[in-house]
Every structure is written in structure tokens, then in C-alpha cells.
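Here is the structure we will look at, set down as C-alpha cells.
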Amino acid sequence: MSDNRKPVFLVIGAGAGIGGSAGKRFASSGYHAVLARRSDEAGLARMVADIEAAGGSASGTLMNAAEDGSIEELVARTEAEVGPIRAALYNLGAQIGNRALTDTPHRIFELGWRLGTYGVFRLAHALFPLMVERAAGGGQHGTLLVTSATAAMRGNAGQHSHAAAMGGRRMLCQTLYAEYAPKGVHVAHVVVDGAVDAPDTLGKLLGDKYAAFKSKKGAEGIIDPAVLAETYWHLAHQPRNCWSHEIDVRPWRDVAWWNDNPDPQIDSNGQGVRGA
Amino acid sequence: MSDNRKPVFLVIGAGAGIGGSAGKRFASSGYHAVLARRSDEAGLARMVADIEAAGGSASGTLMNAAEDGSIEELVARTEAEVGPIRAALYNLGAQIGNRALTDTPHRIFELGWRLGTYGVFRLAHALFPLMVERAAGGGQHGTLLVTSATAAMRGNAGQHSHAAAMGGRRMLCQTLYAEYAPKGVHVAHVVVDGAVDAPDTLGKLLGDKYAAFKSKKGAEGIIDPAVLAETYWHLAHQPRNCWSHEIDVRPWRDVAWWNDNPDPQIDSNGQGVRGA
Amino acid sequence: MSDNRKPVFLVIGAGAGIGGSAGKRFASSGYHAVLARRSDEAGLARMVADIEAAGGSASGTLMNAAEDGSIEELVARTEAEVGPIRAALYNLGAQIGNRALTDTPHRIFELGWRLGTYGVFRLAHALFPLMVERAAGGGQHGTLLVTSATAAMRGNAGQHSHAAAMGGRRMLCQTLYAEYAPKGVHVAHVVVDGAVDAPDTLGKLLGDKYAAFKSKKGAEGIIDPAVLAETYWHLAHQPRNCWSHEIDVRPWRDVAWWNDNPDPQIDSNGQGVRGA
Amino acid sequence: MSDNRKPVFLVIGAGAGIGGSAGKRFASSGYHAVLARRSDEAGLARMVADIEAAGGSASGTLMNAAEDGSIEELVARTEAEVGPIRAALYNLGAQIGNRALTDTPHRIFELGWRLGTYGVFRLAHALFPLMVERAAGGGQHGTLLVTSATAAMRGNAGQHSHAAAMGGRRMLCQTLYAEYAPKGVHVAHVVVDGAVDAPDTLGKLLGDKYAAFKSKKGAEGIIDPAVLAETYWHLAHQPRNCWSHEIDVRPWRDVAWWNDNPDPQIDSNGQGVRGA
């Protein structure tokens, strides 16, 4: 049976930043975007309306990804009612700001894992067998984009919950890629190593300091999620002979995670200075 | 008040491999070893008896680390009844062998996290404030040794549960080190990148293939846990001016995790061959 | 003075694989491609003719990059006679196949460094100040794409010369990015972790085994340099608020460098199997 | 023929910091230390005298490691006149402080490579075949300890020469380990990620700010090279079944290279803050 429906792009974590922008980008080039998020039904409706006003196709749903069965049900319903999921974006984070260990409650640490690691496992469990079946049948390969963070690469003080969740996520993305790439599912782990201009998250986190923060960052000083969405689009459409698994992004003036913050004094902390 | 009791070395995961050997090593040099494991009361009693026969001091306890409150209770009881914990070893793994994603049940994945990641968080939460207080009071610094695995560094196909748990563990060890090293707690993450001669785990996993496996590995072909225990001892006693956070170990003939398995054909998979 | 000339894309190492394909890609979208390679004047002329036949603009030059002053002269001449270099690709490798240490002559090891590491330093030294000046003057930012290899990430047996050169190259790309990104020069390090369909290099290396190699790899089993060129194009045109520094690519069925080759036996080498 | 002479520990870069301290440590436990350095004959003589006064055995030689043939001659002479080299330490650095790219002359960059990368290659070329022969004949395995630096792991602005040299060194150490570990040569790469209390190097670099620097660092705030020498000793004597290839060291209060410098403001640079 041929399937003339649009390919589906499923976004889990479709807020007004990366998730929504990626939805718009894919919808602008022929996908139907299924946008799932936990709250703000009005915001979600606006996002769908914007996409439709621009000539695209989208639908939205509220969902608590931390709840057992929620992601599984979303995948099943989307496949049954909308169409085959060609690409998905897992865009849920677990950033709670910096907290000392003793200020990090056990249930917060567990919730970080549920959203940061376990949700990716559950999505892959539900979705990848379907993608493999389609790829094996001569269809398009599937793609899972995973928005990740600096904390997947190194653990800073205060990031106990976030880094543990993201470190688990990163290793899981590697095992998923190792098992599924040869079966036609492309997993890409995107290390977002800088602030994203996202009113839903960064805006809420910083509150009335948000404007000052943006101003301090200067021109092109914060990641524009619409720009990042172009990189997501590129990754999702790399032909099979040339797939990327991991990529980092940050604004041009930001210090990359592996570098020190600039220091006017030579060797102020003696890094690299040694014997003989 | 001075405290003339022996310093305590707490082992969580005191099987007949790394955990037990480390207990013996520390007990042979003045520590009282508190050995905790999930099962095999007779084996545990033998281990304590062996240490005592060699002139050392030890005690044992059965405990299910996956159970809420268990680690916390062990730390509190040890501090109250035995003495201040100077060093601890978290030696619980979550290796379940290679399993395809669809053969990895959700509850197994969660258990992997409970033992592999969450247990380290719980131990640090219960223990580090006590260690900080002692270090700040002019006492010895505290040490947490964490036995880790190759899966903390890269995710192979089939290792979904194990790699996610170990990846979370590794990032958590980094956040713990970042917050607590300047307060006098030394966290060391030991990447065990090879088979350990441990009848409780490797022996059970391989069953009657264990002897053939050891024989195939040849002389000094498997890690002797008593030898690894010397490295644990060294790490636990590095003075504050020269602490290590991460170290790898493997037998001399093993291929390190970052290398390919040796390949007789040049460029058989074309690795590294590229343009002009 | 406004400059109505086309922006220049400079390729050092413009063979029939990655370098030539990138040249074609950039020329097809408005760049003038300056193609530099060591030998094969006829091949170079054909490449320029192909680009021009497709409506693009290009010029070619033979050059020995290992020779002092050669890269510097090329940059100066291009800027003076062709136009401002908006983007450059350093595409010279130093792969000599697998050789035991004692079969790796000292002069080969040094040549590896000259082509693999020092040439990047020389190019940046000559080019980046010009790019900074233009960016500071309100012009476009500059881009340096560097084709790299698996050997930049880990050192396999037999890769002494190549890995040392690529390891130096990778760290140098990081220092260049750290100093120059905030000044408007984008350095991107592309880890080509798989074979590229390049008759000039892989074809020559494998000789009459080339056809069999390609056949064994199967459909989309080798990187198509024209496909990789799309990723280069994407990187070179990321807006300043969202720059990537490092990305890996390989064909879908290839094992990523950080993974083991697949192994039918569970834990055949005991990786990850450990105590208690 | 049995060989009753002491095993030899060869130090290339035997200044008053790490190199000299390692020499003393090994000489105190039965090795004859051969100490090579570029200058300061009087300081070298004092070092030998100190070792002998403590009951050890040592000899010293001046040598310019950057000169072709120098390392090779030293190895040959030592083996012929002193005894078989059981362990060696390559302790030459190439740190020149922070310099902008345009302030980094080409000859300095090349010298960095000669001392930082090429010297390790030359030493292994000259020494490893001898070590392999002895190990194959049933003798002790050989060890090469390589003092490395943070710049081997990441490239900071200003570290162009140093990072390129150390990055090449690190990958070379991996290729050497991959080829030679199964033949009985243990290569260990020690990432010295903090300042070392070494008057010859750090003292000269900081000049009259040295005392203030040490004072600012506080108690146990700088690596004591005699303490680091204990870790070198431990690595050099790990039995074959449990070898480490890479280890990091730093003082307890130093920020590890992978972490940010502590920041009082939450998310001051927006690291890790992201969408949805």
C-alpha cells in the first residue's frame, strides 16, 4: 500500500524554543509536525495555528512524558491516526539550575533521570521497531534527534541531577546508534553548549534578568532556535552514506565547554605549567 | 574528643572479586572493613573470617542497595557503631550481558539506574557531609572509590541499560568531585576496561565456559582483583596536593576501549582513509 | 570600497574526493573556488572545467604544502588577485596505512606532522588576521573547515605517524577556535570516521582491491564526497549565534570509532564484566 | 647471561621538579637513575650527589633532546655502559606561556613539536625493541612514563604550540600502547592538570610572583613532585594483568580541566540552559 500522507515529525518537548522552532522548520518543508508538551494548551494552539498560517501542517497534544505509558501511547496514536513517524525530536531537559548535593532532593534526582534518560529509552523502544520495518521494506530511514546539553560531556558542581541524567542519555544515544544505525535508524546527539533564546525555559529561569542577560550577550550572543533548527534539518536529511552522531553548537563569543573561561593572567591557576 | 578506633573502609558490593579484595587490602593496613553485599551470608562470613585470620578487622552485612533507605541506614549504623568512614568503595554494577533494545525490559533498565547511578547519589548524600565535617575539623580527607566500566566511556550495541547507568554514574562522579574535592572529599572513578577474575560475577555469567575463557586469555590475561586493590589503595591515599579523578585499567594483552580490535587487513573498514 | 567580486573558497588538498567535491559545491552557490593540490595538472584542469561547465567559477594551482612559504604565498596571491577568502578547507592528510613503529621512518613521521599539523598552523597564521579584519569591519565572518580523521580521536596500533599528526591538528583546531571564534572566524573540525569514495586516495591505496572493497560495503556503504560537501556547506554557513566546532561522519553500517566491532559472543573479551 | 646490575630508570628532562623527584624515588628503591637534562651541570651534580648521599645510585648527563641523534645516543650508551633500561620517563615539556597566534613564531611551533611529540617517537623507536626483547625472553616488562599536560586534552586560546605538541603526544602514546602493550611495554600518559612546585620551570616562569602564587594556592595547593613521583612509581610497577594507560592529577582545590571555573551567578553564561 502506498502512503500518500505527509511524513510525520514528532516533537516531544515542543516549547517556544528549540522544540517549536524545529516543528516549524520541518513543517515548512513537507512534514506534518506533531507537537507534544506538558502544559500551556493556549501556547500550543498558537504554535499549530502559526504553522498552518504559513501553509504547513501540524497538530498538538498535551502530555506528561514522565508518566508511564504516555510516550508509548503518543507514538501508537500518531502512527495510527496521523501517519508514519519519519523523524522524531526528543527535546525534554532536566535542568534545575545549580544546586548543592544536599539541596538536591532524591525525588528531583529521580525525575531528572525519568525525563533525561528514561524517556529516550521509552521513545526508542516504542518507535525504532516501526522505523526499522519501514527501512527494511525499502522506505526512508528514520531519524531520532536528541537535544542534549553540556552536562552530557562533563559534570560541573551543582549539576548532580542534570549531569547524571544527561550522561546516561549520551551513553544511551550511543548504544541506540550502535544497534540501530545499521538497521536504518539515525540517532543524532546534539550538544547545545550555550544559552538558547527560549522564553519558556531560559526566560522563566532568569525572570526579569532575562533582558539584561540577552543584552550582555550582545549581537548574535544567544542561540536562535530557528537557526539551530536548520542544523536539525540538516542532520535529519543526511543520506545514509554520511551520518553524523554528535555535534556541538554555541554562539560565537561563548567559551566552549572544554576551554577555560578566558583569564587575563598568564597561567593564573598554573594549568599546564610543569616540570623539566 | 580523640577517636582511637580504626578508620573504616566501607564496601558496597563486597563480592569475591574487586569488593572483597579491596576490603582485604585495606584491612591489612589498619582499616576496619565493613563489607556489604546482597546475598550469600556464608560467603560473607568466610570473607570476614579470612580477614580476621590474617590479623585484620572486618564485619559484614547483607543489604539490598536498590531498596530505599538501605544505603542511608548502613552509613548511619556504621558511623554510630563502628567508627568514622574514612574511605568507601561503591562496587555495584548493573551488567546484564548484551541484550537488544527490544529484549531490555523497562524494569531492568530502571534497576540498572538504581544500582548504577542512583546508589552513588544516595551514598554521597548520606556520607559526604560527614566527611566534610571531619576534613574541615582538621581530620583526614575522605575518599569515595567508584568501580566503573568501559560502558561509562562509550555505549556499545546491546549495552543500553548498562551504558546508560554507567554514563550517568560517570557524570555524577564528576559533579561530586567538582563540589566536594575543595571540601576534602576525594572521588575517584576507576574505569575497569577488562575482565576481572571474579567467581561471583564473571564466573556466574560465563558458567562452564569460565575455565576456557581464562585459559584463552593466557598468563596475566585477566585482572587479578588483589592487584587492582593496590591501585585502589594508592588512589585512596594520594595526599591532597595530587589527586587523581579517573584512571583506566586492563590486562596487557587486551585492546583498550578506544582502539579497534586488531585487524590483519590494512584498512579493512576504511577507517582513516580519506581525501587528497 | 565595495567589493563586488565573488567570495573565495580556498581548498588546500583539492583531489578528486572531498576537496574537489567541496570546491564544486561552493562554486555552485556563488563562490569562486581556488583549488590547490600537489600534482596532476590535467586532473586539476578538468576539475576547473567541470565547475565552469556547470556555470561556476574556479581556478587551480599546483602547490607543495609541505614546502615553507607555499601556503603563505597562495593565500597572499589569492587575496591579491582573486578576492577575499571567505572560507577555506584544509584537506591534506597524512595517512600512510598501518606501519609498525620500527617500519615508520623518522622523516615520514616528520612529514606527517608537516602536512597534518604544521600546515594548519601556517594557513591560520596567514589567513586569520585578514578574516578578523573583515569581520571587525562589519563583513562576513570567515570559516576554516578542517577535514580530520578517526586518528585524531584515538591512536590505533600502526598509526603512529598519522595519529600524532591528527592529534596535534585537533588540539590546534581547538586553540584556533578558542582564540578566533570571538573575533569572527569559525573553525570546524570534521572527523571523517569512514572510507570516502575517492579514486585519488582510497583508490590508489587499495589498488585493484578497490572495486571489491566498494562492493563489500554495499549500498551507501562508503561516504560520497558530494554528500559530505553538503555538511561542509552547512557548517560554513551557520550564523554566528549557532556555530559547531566538531562533528563526526560515517556510513550507516560502519561501526563508530568508539564502539567495538560487533561480536557474536556475549562478553567475548570480558569488557565491562566486573565485580559484585 | 644473568645480569646482576641494578635496573635502570632513565629520565629525560631531569629538572628540579617532576623529573628529579621521580629519579630520587626510583633510586631509593633499587634503581640506578640516569638523569638527562639540557643545562645546569651544577644542579645535575647536586641531584646525583643527593641520591648517592641517601644510599641510592645515579648518574647524570647534559643533552639537548631537540638535537637529532641525542636521545638515540643516550639510550645506546646507557644500555651499553650502565645496564638495561627497565623504565623511562619522558618529562620534556613545551610550555611557552600564553601567546596569541600571531605572536607564535613558526620556529617556536616547530620546536614545540620536536620536544613535545617527536622526542617521544624517537625515544620509543630507540628503546622499545630492546624492552620487547627482554620481555619476550621472560624478563620484566618495560615501562614508559610520559608526563603530559592539560593541553593534551583540550586546546585553550594562547596554547597553539603547546596544545598541538601535547595533542600529538597523547595520540602517539595511544598508538605506542596499542602496539607495544601486548609485547610487554607499558606506556602511561599522566595528565598533570595543575601547577607543580618546580623552581626550574614554574619558578622561572613566574619569577618574583612565585612566592605569591604559592601562598595564594594555600595548604597543599600545588603538586609536590615527590608526591607525584609515588604515582609514577605505582604505575611503573602495576603487574601485567592490571595496567593503566591514562591518569590525571591536580591539587584538591583546583578546578579539573573539564569543569568551568566556579561562578557565583547561576547560569551566568547560560551553559546548559536550553529549550522545552
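Letters A, B, C and D mark the chains as written, and numbering starts fresh at 1 in each.
Note that a contact is a pair of C-beta atoms (placed from the backbone, for glycine too) under 8 Å apart; a residue touches a chain by one contact, two chains touch by 3 or more.
A quick note: this is a predicted structure, and the numbers were derived from the prediction, not measured.
Trainee: Spelling it out: a chain qualifies if it touches subunit A and also touches subunit B; which chains qualify?
Mentor: C, D
Trainee: Greatest Cα-centroid separation from subunit B: which chain?
Mentor: C
Trainee: Take the average of all CA coordinates in subunit B, do the same for subunit C, and state the distance between these two points in whole angstrom.
Mentor: For subunit B versus subunit C, the centre distance works out to 42 Å.
Trainee: Distance from the CA centroid of subunit A to that of subunit C, rounded to the nearest Å?
Mentor: That gives a centre separation of 29 Å.
Trainee: As a quick test, compute the distance in whole Å between the mean CA positions of subunit C and subunit D.
Mentor: Computed value for the inter-centroid distance: 32 Å.
Trainee: Touching two or more other chains, which residues of subunit D qualify?
Mentor: Within subunit D, residues 151, 154-157, 159, 174, 177-178, 222, 255, 258-259 contact more than one other chain.
Trainee: Considering only the defined contacts, which subunit A positions touch subunit D in the complex?
Mentor: So the residues of subunit A touching subunit D come out as 13-15, 17-20, 37, 91-93, 95, 97-98, 147, 149-151, 153-157, 159, 162, 192-196, 198, 200-202, 205-206, 213, 217, 222, 225, 254-255, 257-262, 266-267, 269-276.
Trainee: Any idea which subunit B residues touch subunit A in the complex?
Mentor: 100-102, 104, 106, 109-110, 113, 117-118, 121-122, 124-125, 128-129, 151-152, 154-160, 163-180
Trainee: Where on subunit D is subunit B touching in the complex?
Mentor: 141, 174, 177-178, 181-182, 184, 186, 219-224, 227-228, 230-231, 234, 238-253, 255-256, 258-259
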